[in-house]
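Shared chain: chain A. Partners: chain B in the first complex, chain C in the second.
Our next item is the complex of A and B:
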């Protein structure tokens, strides 16, 4: 009884804080009220004794037992689309392959953090302390991922990251319980883009990135790749999160007069909004442009259609890659989701599930550090992300693709035109040397 | 950063963004002027109008038709909301405002259910293609068109307000509801009419605006925020104020983001704060 009332309270609390947050947004000029998701978060301390009970009371379903997975993703709020895709990718794998691997039944509890780190922490506590999960997967955003990883590693629970790109998850904050499963760090995934741009003969570049960790890391990766190979970044422009009209930034790109422009968005509307302005100012033919993973993802292709044919981007995921694994994944997703082509978020969720399944098949039920170590030992000659293995900091070492938008059977795909293999997160540096530097910001770009 | 071409382009960027702000704020300020409530569903009407406009534009390739259909559809929606919900709480400020929040959530969620989560933009064939060229200056026709639409809407609203009988009734309603009712005007229907017109203006803004800013889940909050800032600067209820506030914000935003990027986060809110400090009723607002 007690536990049900607390969870009801917690839900009410979450609902109220959500309402308060919404009201705050709406009122715009209202004074900052303290909507306080930490209050419900302090509840679980009273049930500290609970987790061991739950863990023992677990009834083995298959012969090999049950792996309880807590899956945190922002399925409401501003990042709802990306968050839902990350969940869909995970579910897709189990729908295709059945939710049992190596005799172990995989049971998933999905929790919504709405992209708010405090809420992620509350949900992670709930999953660990009252649901007794063996592993926490997610969440999606860098800040939520770092908050969750810090907590899960402190209580000895593994934490897998299908999408989160924060460099420090697998660098300064790396530990034996945290592993990036389906993506790359922000600087790592864009570094080869800089190398490519320089090799294509571009001498100067201008960058436009969002003004927060993901943007700083992404731009830093591109800049170092470009400058290590003889290019020079002549201007770096930063836009605040929430920018909707990009015309003023496109004018600045034009004024910078560089050989190539590198533009980063974290997905969603900024991609199409930027490109509308870019194409509107007539730069399509006069300004070389390369975007990052998420500025030129399927949502952008669907929004702009044929207008973006031929545009180039950099990503660790290329839905147009000719590979049986990718085609099978694309078809399975299209079948269930109105013919859509999967994004990097879906691929990340799917990849994570396939890793968990692989480990369970090979080892039976493993938990804790053993689970993370087993995934870290895995390697794929060809996964949905291509050839992948893991370094000793639990980060992916894999392929990065330079992609071009092409049409195939009436649909638009990002097709790889250049592939970089075995890309690691050190950007050509020694790990200790790389981590001794300060973290990336507007003022430090490596 | 100070070359003539760059300055001209930034000025046009600011003006066209301001024009868009005016389109999305004018309906809100009209409704506020008469009914003394902030219609928080305004952003949701913009969103619905945008989606409907994009669909019609994709089907027919005709922007004018898209704008008309979306204005009618959203106008009818607003009529239903007014007659079915708002009438029952008229005159009670808090329930009225809260009800419009509820309408916003319902409309936004229905949009998500019907139109999905992808950002959507006006299809190229319905948009105005190409760019205006003058010397070294290149500027998209579509953004110039947005400025033209905003100017036309602004002039039309000002003329209707000052020159026609309908406008006179509305102005009288703003000044003194009791007297205008005593003179035989059914003020209740004037309210309803104004609410519908405000929503239709939001739909026009959504359709035209979808060629510049994509329509997506969450746009309703952004639009509402922008609209509130504009009408707070301009003065609640004033069309002239909305026009001046919109252009001011658009131009300040464009130049500040280029010249003082460190303050990019404040370019929209700092002017509002300053206006509130020195002129709490807004530039053209009247004291209550």
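Our next item is the complex of A and C:
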């Protein structure tokens, strides 16, 4: 009797242990920050922004004081690669330019949130209450960004977002202390794509987007741009996150028989996966296609090589743009990261750093709402993202590029073939009108 | 044994005093808030511990139950309801979801139970992620406020401490009641309980309701703590971590969940500040606990103390008793009734 009951109980214990162990192993195996063998050996979790920071101990901090920056990014877990890139971009700027701007020393504390909003919040609390940072930068994902922004604004600390794309960050949840500094909102960055597609003479379009907030916003942006200019979106297809076999979706695109297909991914494996299916079914020449920022980023170009030459995409970041700023950035990054070309995440981190440096140079040490106000007033004639300024909801107003994959010196670049300037987040609407509408979803696309 | 009991009482009293005194020990706001996180996780882990330890039902869905309650509060706060109404909606959502879980799972056991709770948890995650008109999708719901009187972090912390103690007491009382004895009977042998005339599914359903209701309450506390809820709180990963807490602390022990939650939360939030590979560290701790402290930290310590005491008593022949008490391959606390 006893032995059977004991063993039943033991079995349950063993079962649960096994399950938990398996899950932990999975979590532990997920790439930590340096999943990328090319990242330099410097330990990012403790990284003070730049090597030159080491000098802080010897030479006194800049006369203008110190700006303490808390940098939250998912450098472990599923989003580790993107998160590490975001940190690399920020560090790169200070490595090139020295960690002092306008006499103010910039000191960075990097914290990992593993893409989990609860963790982002504790980390933000730690940075603000324990480390006393003047500004929090990051995190990366939409939900972590919104959670962090809500907290930092409640304690009066500015929060800058180098990558997060959630529309609401600078719309319904906008506040005086939260800024999007290195990217655009999901609908904003794809709206010009729709305008362009319509102007190219396409009459009908089919869209394929991931079935969650970023996908809804991206598709809504494209659709409104396209339809406001006389096009018609005949079919909208949604795929669940984590899809790896796109064959059925590609056939649906084929069946929709539209002039142009617009395809969104949030970066990572889905981009190459989709394109392999797309090319595998022989649609390369018969179906016009435009992808979003992240479906056709450098990771995709590296994965697919020459096969994607001539493919088009829409983004606020174009690594192949002919501009001294971009070239300096590309070269500096390639030098430190084994010849790689930076992605939008790196650009976002770099952009945020250059913005902070610019503000410090012009104003000396500013913190709190003054810092945000100073950034809001700042503008760049030419930054890595092109001409950029900030609107009164603290969102970027900048350039969006229609890009084509071209080869240059044996490397593949997304080269702009059309540029839209001063793109704001309102998609041609009045701000109040835009925000009074419901949030985007499968059923509401504007 | 009276000495051991006395020690227990003194230990518990010291713990309670320490918990209440924590904010006054010169701790920073951040540390107090971290302590709140630990205690809320401990409450949630205690519900899993109760279900698995007393009922033999390993649930992979408690994270999602708590998330459902949190979403209830979030949705209600979006509608501009009063705090009271938010509590009602949150607890109501949690209890309805728990009932759904309970009804679906009450006829299953072992791995099937695990699978059913996992599946329902996934459904809740899917809804949170996709039903954006109610949940705002991946963006989550921000700006959920707690009652005015708990607005201060230390006030909220004390409230969480009180909640933790009440929950622990309630679970202890339930576990020691005739119902708890029946539940352990179900855990040890369903067929025996059936042949004794008990209606086994009812036991399971009631146990699940108790556990789920408290989990909902923990969900409400967590949303009051973070002012925020998003699909990630319904992820399976969260539920798995609850299990890790329970197993680390010791399945079926009273203080196990608190110890386990402390370890997991501190590794997640504090060790990760200075160590890049903190998920690996968590894994290593877990593997070591499985290998060398199978009854969890609390359970194994208790066993060790008991064994040392027996040895000091010098009762050689008692070795046999000791052996049955601690079977060499015993998975967890196996208090088998004859």
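Rule of thumb we're sticking to: the second predicted complex is superposed on the first by the 387 of 446 C-alpha atoms of A that agree within 3 Å, B and C clash if a C-alpha of one lies under 4 Å from a C-alpha of the other, contacts with A are read in each partner's own complex, and residues count from 1 in each chain.
Criterion: contacts are C-beta pairs under 8 Å (C-beta built on N, C-alpha and C of every residue); 3 or more make two chains touch, one makes a residue touch a chain.
In this text the structure is predicted, and so the values were computed from the model without any measurement.
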{"item": "First (chain B), second (chain C), both or neither touched by A:237", "value": "first"}
{"item": "More chain A residues in contact - chain B or chain C", "value": "C"}
{"item": "Which of chain B and chain C A:229 touches, first, second, both or neither", "value": "neither"}
{"item": "Touched partner set for A:255, first chain B, second chain C, both or neither", "value": "first"}
{"item": "Which of chain B and chain C A:168 touches, first, second, both or neither", "value": "second"}
{"item": "Touched partner set for A:438, first chain B, second chain C, both or neither", "value": "second"}
{"item": "Contacts of A:245 with chain B and chain C, given as first, second, both or neither", "value": "first"}
{"item": "Chain B versus chain C as contact partner of A:273, first or second or both or neither", "value": "first"}
{"item": "First (chain B), second (chain C), both or neither touched by A:211", "value": "both"}
{"item": "Contacts of A:282 with chain B and chain C, given as first, second, both or neither", "value": "first"}
{"item": "Common interface positions of chain A, toward chain B and toward chain C", "value": "23, 25, 28, 211"}
{"item": "Contacting residues of chain B [partner chain A, same complex]", "value": "1, 3, 6, 9-10, 13-14, 16-17, 20, 40, 101, 117-121, 123-124, 131, 138-140, 142-143, 211-214, 216-219, 221-222, 224-225, 228-229, 232, 253-255, 257-258, 261, 264-265, 272, 276"}
{"item": "List of chain C residues in touch with chain A within their complex", "value": "28-31, 33-34, 37, 52, 56, 58, 60, 110-111, 114, 129-130, 132-133, 136-140, 142-143, 187-189, 222, 226-228, 230-233, 236-237, 240, 243-244, 247, 251, 268-269, 272-280, 282-283, 286-287, 290, 294, 327, 329-332, 334, 336, 338"}
{"item": "In the complex, chain A residues that touch chain C", "value": "1-2, 4-6, 8-17, 19-21, 23-25, 27-28, 30, 32-34, 43-46, 75-77, 111-112, 114-119, 121-123, 125-126, 128-130, 141-143, 146-147, 149-151, 154, 166, 168, 173, 211-214, 216, 438-441, 443"}
{"item": "Of chain A, residues touching chain B in the complex", "value": "22-23, 25-26, 28-29, 78, 80-81, 84, 211, 237-240, 242-245, 247-249, 251-252, 254-255, 268-269, 271-273, 276-277, 280-282, 299-300, 302-307"}
